[in-house]
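Got a structure here, written out as structure tokens. Questions coming.
Which chain is which? They are A, B, C and D, in the order written, and residues in each are numbered from 1.
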Amino acid sequence: MDAEARAARAAETMWAADEASRWFGFELIAVGEGRAEVALDVAAHHCNGHGTCHGGVTFALADTAFAFACNSRNQATVAQHCMVSFTAPGRAGDRLMAVAREVSLQGKNGIYDVTVTNGETVVAQFRGLSRAIRGTLFEEEET
Amino acid sequence: MDAEARAARAAETMWAADEASRWFGFELIAVGEGRAEVALDVAAHHCNGHGTCHGGVTFALADTAFAFACNSRNQATVAQHCMVSFTAPGRAGDRLMAVAREVSLQGKNGIYDVTVTNGETVVAQFRGLSRAIRGTLFEEEET
Amino acid sequence: MDAEARAARAAETMWAADEASRWFGFELIAVGEGRAEVALDVAAHHCNGHGTCHGGVTFALADTAFAFACNSRNQATVAQHCMVSFTAPGRAGDRLMAVAREVSLQGKNGIYDVTVTNGETVVAQFRGLSRAIRGTLFEEEET
Amino acid sequence: MDAEARAARAAETMWAADEASRWFGFELIAVGEGRAEVALDVAAHHCNGHGTCHGGVTFALADTAFAFACNSRNQATVAQHCMVSFTAPGRAGDRLMAVAREVSLQGKNGIYDVTVTNGETVVAQFRGLSRAIRGTLFEEEET
């Protein structure tokens, strides 16, 4: 099984079970080994008391891209720590795009950077720190 | 106007406009100067592909407590940067409680720590870094 | 061996081998299970181009207190990730004190908060994320 | 004055006043608008009780590259918050290189990523969050 097929299959398996991402309204745009892109059309119910996209929604979007990226090798992996910087507000009607890429993977520890953009504007910079745990997302036949 | 009444009024104003927090299912339990408590009953639609509460939902809960705490002086304040460590999974049926407290407030810059618990178990440790901007949440009469 | 004696012995072992901490000019003030206090008298050579204590020196002071705290159970433990917020400048002549406390310890993963103060002023807030590795600091006899 | 000349002049001004960086043994290798490279030959006195380069020294190296990068526009700028992930140990005899690049600059707020390497090995990933303050590093004539 090649790396891109494995990433696609891992994403499919995760997505099928991921009620939260569907409830948030996320769309999985692309996935590959160590990378993922997830989109969200911001709606009124995603917005907070400042009239802007709730930081938790923006974080969740980035975190979801991170999760698909760090599980793309079919090795069950969890988020241990995350850091986010909010650089511009998102608003209802905006289409936000989160692009995750692998910065480092050493043994069980990974570092993934996610940039959330609204067109040309960067809305958030996110760094996720992952750790592999036991198990796989789907059974892979030995060949 | 005393500090606790101001905090209550600021929270009321924020809450009334905050569609996202209602959509998440958050409950504002308590608020005071520099502190806030927010609860969530985790439902199936909050859960991800690992069968546990989506990190974005846990983050959003902590972030909401942080927002109420850092706006409690009726000085409009935004989250600039946040860091979260996930220490145990939340699951559907759990009642999560986020308790935010002010660690530091120097000029426009604040540091707030939020602990998210499920009964005795700590689910997440969150640190929020805030910055005051122009404006207030509600008009306060000079006396 | 009781917890406090074990912490003292672990600290002694670390300190004996720690050339960097002596070179920095750190003083180990106190150590116990999950906690440590380290002091520094800031000198001219610790200061940067803004005339204030170099952020790397302040960080190193906090990181050292973190290291003593997270190794206090005689389980070899390393810093994986750290975050620091600088809240006030330190200057030559100041005596900085870093106090580390354990916020969370679950299996191999620990969270430690360190506050660096100059008298009443908080100079930095530091959060260290540790991971236990194989080995001990000193051999402990079974009894 | 062009951007690269301004960056060089700002770095020169900072370096002349920066006793700490010289004491650490840092070498300023290159500087430009929004970027900087700083090197360190790790010596025994930089090493801690695990026999590896003290995390505070590695942090200070990254922090110094960050400082030169974020001050390169001759706008006085300070580190507000920093996060570091240690991915491999440095040892006495290693030559560490910290390369800082600007990820984001919006108004007074900047985000800088610094990678610290030892040859092909990444030793640390650092993210620095800066804020511009009043003043410049050197007087620039209007033309």
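For the reader, a short list of remarks on this structure follows.
The criterion applied here is as follows: a contact is a pair of C-beta atoms (placed from the backbone, for glycine too) under 8 Å apart; a residue touches a chain by one contact, two chains touch by 3 or more.
On a predicted model such as this, the values are computed, not experimentally measured, just so you know.
For the pairs B-C and B-D, the larger set of C-beta contacts lies at B-C. Distances between chain centres, each the mean of the C-alpha atoms, put A farthest from chain C.
In whole angstrom, the spacing between the mean C-alpha positions of chain B and chain D is 34.
Centres computed as Cα averages put chain B at a distance of 30 Å from chain C. Counting only residues that touch two or more partner chains, chain D has 80-81, 83, 85, 109, 129.
Residues of chain D that touch chain A in their complex: 83, 85, 87-88, 103-104, 106, 109, 111, 113, 122, 125, 127, 129. Those residues of chain B lying in contact with chain D across their complex are 80-81, 83, 109, 129. Partner chain B is touched in their complex by these residues of chain A: 13-21, 23-24, 44-51, 53-57, 59-61, 63-64, 67, 76, 78-86, 137.
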